[in-house]
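Note that chain A is present in both complexes that follow, paired respectively with chain B and with chain C.
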Partner chain A sequence: MMIDFLNAIVALSNFVLIPAIAYGSQLALGALGVTLVYGVLRFSNFAHGDTMAFGTMTVILFTWWFQSMGISIHPLPTALLALPFGIAVTALLLLGTDRVVYRFYRKQKAQPVIYLIVSLGVMFILNGLVRFIIGPGDQRFADGERFIMKARDFKAMTGLKEGLAIKTSQSITLVTAIIVVIALFWFLNRTRTGKSMRAFSDNEDLALLSGINPERVVIYTWLIVAALATIAGTLYGLDKSFKPFTYFQLLLPIFAAAIVGGLGSPLGAIAGGFVIAFSEVMITYAWKKVLTYLMPDSLDPSGLVQLIATEYKFAISFVILVIVLLFRPTGLFRGKAL
Partner chain B sequence: MIRVENLHKQFGGFRAVDGATLEIASGSITGLIGPNGAGKTTLFNVIAGVHSPSGGKVTLDGEDITGLPPHELFHKGVLRTFQIAHEYGSMSCRENLMMVPADQSGETLWNTWFGRKRIADEERALRAKADEVLEFLTIEHLADHKAGQVSGGQKKLLELGRTMMVDAKIVFLDEVGAGVNRTLLNTIGDAIIRLNKERGYTFVVIEHDMDFIGRLCDPVICMAEGKVLAEGTLSEIKANEQVIEAYLGTGLKNKQKEEA
Partner chain C sequence: MKKLLTATAATALMAGAASAEDIKIGVFLGFTGPIESLVAEMAPAAEFAIAEVDASGALLGGSSVTAIRGDTTCVDSAAAQSAAERLITSDGVSGIVGGDCSGVTGAALTNVALPNGMVMVSPSATSPGLSHQNNEDNGLFFRTAPSDARQGVVMTEVLMDQGISEVAVTYTNNDYGKGLADAFQAAYEAAGGTVTINSPHEDGKADYSAEVGALAAAGGDRLVVAGYVDQGGSGIVQAALDTGAFDTFHFPDGMIGEALENNFGSDIDGSTGQHPSPSVELADAFTALADGAFNATSPFAPESYDAAALIMLAMQSAGSSDPADYKGHIMNVANAPGEQINAGDLARGLEILAGGGEIDYVGASGVELVGPGEAAGNYREIVVEGGKITTASFR
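Our next item is the complex of A and B:
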């Protein structure tokens, strides 16, 4: 009985908790980028998914280059070494986009909906750019040790029937996400630059009239967004694989996460990321195994006990989004200002 | 000295400011009065760079500052407060004040990471200054309160406090007294006079409270329908036929007649 319970917990951790925590961290980092753009620049950046794709692509190119030169940081993936370079290139791209596209509309004091459409245009361009450079196919770039703990070793160690596997990419995701989130909150709350971003987000008129240079705030925002997008994209790519179309699709859960948490609220973006990730994983998981351990033999389920097939996982973010918008339109953390 | 020449501002077909010409002498506290919709706030907004003018010119000490964005005007010492107090609601009152001085060394990414000591020193000085300002405004007990949660009148004081964090040349106060009780209004008045005397701030004050205007302002400019109607001391303005017609109303005229 006790053993059954332990097996159930291990199976649950292995197939639900750990993957959902990793996926949630990736969504949270993505949603933070969306929320920052919304808070400071005041528009929904539809190009964010493809910004992530672009960032990841540059990281992959640097990784390949490093690999060809024999540089590695075994047992960690080489991509981590390439990350700062990827961020730098992505930052240049975003600043360039801002200079040639968004600044024009900022000068005109364009409506948010115009920005939104403009960002759609940017999205398509990035979409094409990424496919043009690296191709539409699947790219694997994870190297180094694949597992921290293998299922087989866990079984041998504990004598349980169920195994617990922890992928290197999953733990790197969690550690990196925690570091990034702490750094971001420290930056926003403790540094003058971060405070001027918050001030600008809180009350633009007042910020301008207190001498805060809007262009500078915008530049810092894009720099941070570039870092967040590249990190989120690379972590996702390491964990699964890189395919431009997948990143485009990620836009939905990321926006759902940002909106569920409350657009403009960094804390909300993180909470939203995990809400979406956990719902997605839990609803598409086949509970048969866990239930078989927990239920008396006579009640063992005969089906898979999977609520929704994985093909429909995007519908879940959508449904959560609708529910939140119906009952709490400002999101869990009352969004808008940073 | 600020010179406004033939300033126009149109919103669609509506002429909010319609050829206003006026001069604000350095070191004065100039009152700006007029009926609602006379274009006072729009005039402020155009001078302060919130709106760009449809025509005309604004100069500060001979330098053309027409249509400069607000943050650049700030650097030239042109500040303003809002009719409805603005504040960073999620920051404390002290932090609100500490936000004000521009170009702090903590604003560059380099210093954020590598100039920690310099930033710390600067923040300490700013903090002391902010506390001093809060004390001056008699709201030192609110230093750690979230600015979004203090009363309307206290927000107004905070608005005034913001202008004290830097060396302003000229400060535009848009209805500092609106929604503020008598005692607090007197505190604000005292603060304005002291800033004017001790630090040489020039003030332009929009206000409907004639006692307040009378106590502080010389000269007083009266606007109506986007134009400057009259200029002079408050008693001169009060005696001006046009002003009575447009703003003060005939009630006052009758009262003055009775008094005479």
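Our next item is the complex of A and C:
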């Protein structure tokens, strides 16, 4: 009986909890970037998915360069070493985009919907740029030790029927996400620049009256967004694989996460990321195995006990988005209404 | 040079005869898209046969024959249809070698080839849905590749012989994957096996852990992956290995390639599979004939050569390059009775036919057309040992 219970817990962790926590952290970091742009610059940045793709691409290029020179930080992936360089290049790109594109509309005090369409244009340009440089195909750049715990080893170690696999990339994702979130909250709540960003986000006119330089706030926002996007993209790429199109597709769950949590609310973005990730994984998971372990034999399920087939995974983000917008448009953490 | 001289002489001799014409044959394959790496060998193989016949000067009183390419894209039916339309109406081809992937082939056949009365001989479309048992194709569609209904039976035999009676199945969500998975499930269950789950996966995604979670929950002794090795199929295998959900797999034709060894190596030792393949003797003979012009052992390259050859031999047999005339002759030249004709021997076949004799085309893949004009199918059973794909037997 106890063994059955343990097997159920292990199967659940292996196929639901661990993947969902890793995916949720990646979504949370992406949603933080979206929510910051929305809070400070006041528009929905549709180019965020492709900013992540661009950042990851630069990290991959630096990774390959380091690998060719034989630099590595085994057993950790070389990509972690390349991360700061990728962030720097992405920051330059975002500042350049702001200078060339967004600043013009900011001076005109354009409507948010115009910004949104402009960001769509930026998205298409980045889309093409990334494909032009690295191509549309799959790129694998993960190196170093692939597993912390292999399923087969776990089975041999514990004697349980179920295996538990923990990938290095999954634990790196979680650790990095925690560090980044702590650093971000410290920056926003404790530093002078962070406080001025929050003031600017809360009330632009009041912030201007109290002598906050808006261009400085904008630059800092883009720098943070570049770091968040590159880190989120690289972690996703390490854990899964890099392909420009999948990053474009990530836009939907990321926006769903930001809106579910409440646009403009950093805490909401994190909660939203995990809500979306856990819903996607848990609703599409076939519960047969876990239930078979937990239920008495006479109640064993005959079907798969799967609510929705996996091919409708993306639909779940949509459904959650619609429900939240209908019943609580400001999101879980009372962000700004769309 | 000698061949060229003969050809020139033959053309000169026939110059006065009204029957000599400029015949064009469409090579209608996915030069871009998911199987572009295979088409890089298939198209030259088909064009090799066309050049061979052209050089012989023996076709229809010294007619010349040239190849014209059209791109099916493998996945985009609209693009494939307009390419087929262009081949027929603007280029004026008399026969089409192609298409390649089952979905676009079906679309081009029903919407373009049928209304235009054009013969299509596909070297690689394997969906059981393309077996036209009730003459829905007006006798215009043939294939030198076997239907996956046959592959489903062969797969069942391979698994049953190893005593595996419970498997999970995942397939790439298109005509090929669905057709194969359903054909396999039917054959396997008829033989007493159990399919615990038969679920699709989408190609081109980064993450397949949810799909593998469902497959693992359903369980089974082995996971059958009816996908593409360059696409989601490898993603599924990777995720299954990572989570420890399955240790061994069974791979149909779309999964067997060098990429499988490169991606997984000895992690998938003990896995099995099968793909359509001619016997060793035929494969060796065809490799010698190709002589480096293309990779003769690449999947579907022999079938491509045969598809082009069948069209031209049927024209000769009918004495006409009009699809309406020669479509009834394809089965005759492909099967017994008659003189056996191998690849590289097309000129002899053409002469026998011109003399009123009969031939039984063997070609590069051991052509034997059954049912509504599709290959009977020889398969190579493989097993992964020490990270390498090795031949277990031929079926």
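As a working rule, the second predicted complex is superposed on the first by the 335 of 338 C-alpha atoms of A that agree within 3 Å, B and C clash if a C-alpha of one lies under 4 Å from a C-alpha of the other, contacts with A are read in each partner's own complex, and residues count from 1 in each chain.
Please note the rule applied: contacts are C-beta pairs under 8 Å (C-beta built on N, C-alpha and C of every residue); 3 or more make two chains touch, one makes a residue touch a chain.
These numbers come from a predicted model, not from an experiment.
Superposition note: with chain A as the common reference, chain B and chain C can be accommodated side by side. Contact with chain B, but none with chain C, is seen for A:I212 once the two complexes are overlaid on the shared chain.
With both complexes placed on chain A, chain A has more residues touched by C than by the other of chain B and chain C.
When the shared chain is aligned, chain B comes close enough to touch A:K195, but chain C does not. By the touch criterion stated above, A:R131 is placed in contact with neither chain B nor chain C. By the touch criterion stated above, A:Y220 is placed in contact with chain B alone, chain C being left untouched. In the superposed pair of complexes, A:Q306 makes contact with chain C only, with no contact to chain B. With both structures placed on the common chain, the touch criterion links A:T246 to chain C but leaves chain B unconnected. The superposition places the C-alpha centres of chain B and chain C at an angle of 140 degrees about the C-alpha centre of chain A, rounded in steps of 10. Overlay on chain A (Cα): least separation between chain B and chain C is 36 Å. Of all the residues in chain A, the ones that touch chain B in their complex are 187, 191-193, 195-196, 198-199, 202-203, 205-214, 216, 220, 223, 337. Considering their complex, residues 14-16, 19, 23, 147, 150-152, 154-155, 163-165, 167, 236-237, 239-243, 245-246, 280-281, 284-290, 304-306, 309-311, 313 of chain A touch chain C. Those residues of chain C whose C-beta lies close enough to touch chain A in the complex are 173, 197, 199-202, 204-207, 209-214, 216-219, 235, 242-245, 247. Chain contact summary for the complex, chain B toward chain A: residues 48, 50, 69-71, 74-75, 79-80, 82, 86-91, 95, 99-109, 112, 119, 123, 162, 166.
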